[in-house]
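The next part holds the structures, each set out as structure tokens.
Look for subunit A in each of the two complexes below; its partner is subunit B in the first and subunit C in the second.
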Partner chain A sequence: MLNALDKTMLEKVADLHEIPQGAFNIRKNGVGVQRNTTDNIDIVTKADKSGIDVIVKPYTKGESVHIPVIVTEEAINDVVYNTFEIGEYSDVLVVAGCGIHNSGCHKSQHDGIHNFYVRRGAKLKYVEKHYGQGEGTGERVLNPKTIIEAEEGAVVELEMIQIKGIDHTKRDTEIRLMDKAKLVVTERLLTYKDQDAESNITVELIGADSSAQIISRSVAQDNSKQEFFFDLVGRNKGRGHIQCDAIIMHNAQVLSTPKISARHSEAQLIHEAAIGRIESEQLIKLMSMGFSESEAEDTILNGFLK
Partner chain B sequence: MLNALDKTMLEKVADLHEIPQGAFNIRKNGVGVQRNTTDNIDIVTKADKSGIDVIVKPYTKGESVHIPVIVTEEAINDVVYNTFEIGEYSDVLVVAGCGIHNSGCHKSQHDGIHNFYVRRGAKLKYVEKHYGQGEGTGERVLNPKTIIEAEEGAVVELEMIQIKGIDHTKRDTEIRLMDKAKLVVTERLLTYKDQDAESNITVELIGADSSAQIISRSVAQDNSKQEFFFDLVGRNKGRGHIQCDAIIMHNAQVLSTPKISARHSEAQLIHEAAIGRIESEQLIKLMSMGFSESEAEDTILNGFLK
Partner chain C sequence: MLEIQNVSLGLNEEKGVEILKEINLKFLEKKIYVITGPNGGGKSSLAKLIMGVYNPTAGKILLDGQDITNLSITERARLGIGYAFQNPPRFKGIKVKELLKMAASHNPETVNICDLLYDVGLCAQDYLNRDVDSSLSGGEMKRIEIATVLARNLKLAVFDEPEAGIDLWSFQKLAETFKNIHLKYDTTIVIISHQERIMELADEIILMSNGMISDQSERDTILARILNNDACLCGSNCAKGVNQNAQCAG
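So, the complex of A and B:
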């Protein structure tokens, strides 16, 4: 069922060299092609619309769910609704990469709408990697929407990475944190050529003593354009911190709009943002060590996006 | 012409104990009541609408213009359009405070629309102080709009201070910087009771090697609400820095939306924002030195807004 190209794509988006251990569901060109469930993690095809329900039993520890999506044909427009029930006091890793290989001249698009219910005391690490390739002129488009509700004491770590080759992306991320819930979001984004990317992240500190940290790093090259909107809302005693850094090169543009809203006197919210080019001191240092200018640039950018 | 109350108001908004030195224009309850011009600074009443033209000759150094506005009656709705021509290579101070004393039960409002043309190489310091008082229930409303164009090499320092007693304010500030122009904006804002304040500051770095620094500090008490919008746009090689800090108390709300837009790869833009309550360590330290809690709070707030 999976050919060499499929395997390359899986490796790019899910670090998978083999069929994954544990629960998984592989979706290819709009249909499920392989699935595995475990005693603790069930995957059920939705009856009413395209997508799956992933159900993690309470107290499940150290298990993982891989749900990579690969698109290898042109003119695909795949929309999928996935729901994740992360049971009380469980501790799991969910990896949901998407790779598009488009050799044709028509647009291929994948829109994933992901709803997470992270129950009381559960720990979730959710990794989403996006990758596009293919020599064709057909556009590669990814529009993920992620909605996370973290119940009391839940801990959510979210890693969103757009590696390469996505022409257009619009990401919407909405997270609500109840009492003592903790959130860490890491975003990494690279755009080049005429690509554009938009990322909207809204985090609401609803419960008492919840906390959120959002770290966004991006590089915009060539004629690409990036736009970021953050909205961090403190509705209760709690702490939130947004930090975004962008490196801008060539004719690229980066627009960053971070909003912090303290709607409670014990909400402590901090935001830091910086947009600039590569520091020339860093470049000169690496070049004095024998790197060419472009090698030095690559080294700095790789370090920045790591 | 000026009674004791007028003089108190003038002192609050313009630090004036006497009739000012140099050029001035005092406006009271919607009409000009006193004016002085100098050899280098002319003040001319506008023919087509309410307001004045202030014309500073090129190379004028060390002179000042005071244009305080006082409103001491209720049910006043005063709109004024002032234009400032700050001649090449001049160096002047413009003070434009507004004080409202409202003892009645009807709203008193003053809206000032100020256009500054700061010519090549000129230095302008512009201070705007807002102050309200009076036992009446009538609202005190101030909506200033300030538009500044800074030509090549001009240096603009802008101080906007809302001291006390303004029920509603909506400030719009738009600044455009040409080649090598420099801008420093300092904003200080205090709200309490049911007051609300909105401040919109847009700065465009249009010319090469222009720079802008915006420092905003505010305290929100009781049920008051503050909303800040910043938009710092880099259209050329240049540097911009926004720093905003807010102290939030009681049931107050502070919403801050700073946007930084790098539309040029050599634009370097930085933003930092923090909203939080008074640090308890600072409070404890002062209280251990014999201050009561409210004295300690006042001391910290005064230092913060200085």
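So, the complex of A and C:
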């Protein structure tokens, strides 16, 4: 059963204070501990490997699926394969947070490999939050991989948030959009101390009139390192826009590699990237309203990462 | 209220480049002052000096008799000084509503944020939830900037060219707003401006050029002088048709 620490972790990664409404599956230290299904959403344990199949029936509206993962022991190496079948014309929210509490001195790692099939006309909002805590020296490692295939007219909103706490992360995201499919990706990342984070996002506009917008904002503090690689591939008539912004502080390093590949004459692709310090004018403005310098800095960063 | 005593501001002390030279000014309570004069004359530098963005190389600044020369921007803000930027910075991810709430957070009175927007000629329902980022035009940013200063109960509010980028149609509204500040608070207002209509609001007009105060008088006296003077205010001997290889006199 879930103890107080588990509940704190759940709150951080899934905004859950109590056991969630609707469908959910809570995985703790490599095993499923609690599950609930509804008339429209089924969750089935995979027979061949570790992981679950989440099946959302066509035309399911306004339901949610929470699949938080918590790791509270050291020396855990958990790899999980989850498959999501989002039925035609459904409209659902999937929240898949992962929290690691490592108070030991050995590495704890969770690698979630998520495959989404978003069927024709369906709407999916997928939120992935990462959180780490614990006093130990054991490293907290998360390497998620997300593959999304959006069929004709599907709308996918993807929110990926990782604020502090995770020592190493390598995030791979691959998305394929068919005719008239629409995608919005929001990425928020904050690293500090000696953390490093790598994020690779590839989006392919395969169908006609598909569109993609990727908004990535990150803050790198202390000695942390961040590396971004974006590839937006236009294989058909469609629009894509990548906007990535990083605020760099202290001795941090940020590398951003933009790539836009047009393989069709009617593909319109834009990439905007900027890395810089907090503008002194922004600090002065907030200080002239009565904020201290550190309050001003926090306000700017909080807004930026919201 | 605010006294500026023998204040100088040097950029490069070795070379002795002085942006402001021995400025002496006294701002009285509840009055409106307009500072005008040619570009590069030191007006904005004086405003930043009052806010504490720049520190003077010589002289003193007193607020109600208290020496604030060495106080930080934050400390001055908390004592009741406010400053509206000429080029306000933008904030990604912060909404108009949030910025105005932050501005009003030190005001002991309850401030109606929608009224603030109305006072600067913006429709609250259209703007409250917009981000204060590059999606706003220059004129919109200027109005929001003015609103952040109006949100506070200040002893002294400095506006740096508030009219820049604001369309002619909204100008009257803005002028009224400045006039009405005194209905609510006893704020002393200093406006840097080139606009006759703003100058008409002033109790006193201060003319600055070459880092010095070249004239200071009641509104009507100085307005008559400025409007009747066709000569350039910068004081240098500028001439048309100078050979482009000529050395600048420095």
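Keep this in mind: the second predicted complex is superposed on the first by the 306 of 306 C-alpha atoms of A that agree within 3 Å, B and C clash if a C-alpha of one lies under 4 Å from a C-alpha of the other, contacts with A are read in each partner's own complex, and residues count from 1 in each chain.
One rule holds for everything that comes next: a residue touches a chain if its C-beta (ideal position, glycine included) is under 8 Å from a C-beta of that chain, and two chains touch if they have at least 3 such contacts.
Everything numeric here is computed off the predicted structure, so don't read it as measured data.
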Partner chain in contact with A:Q282 - subunit B first, subunit C second, else both or neither: second
Partner chain(s) touched by A:K49 [first = subunit B, second = subunit C, both, neither]: neither
Subunit B or subunit C, by number of subunit A residues touched: B
First (subunit B), second (subunit C), both or neither touched by A:A274: first
First (subunit B), second (subunit C), both or neither touched by A:G290: second
Touching partner for A:K259 - first (subunit B), second (subunit C), both, neither: first
Touching residues on subunit A, where the partner in the complex is subunit C: 217, 245, 279, 281-282, 284-293, 299-300, 302-306
Residues of subunit B defined as touching subunit A within the complex: 234, 246, 248-263, 265-277
Residues of subunit C touching subunit A in the complex: 51, 53, 72-74, 76-78, 81-83, 85, 87-89, 91-94, 98, 102-103, 105-106, 148, 152
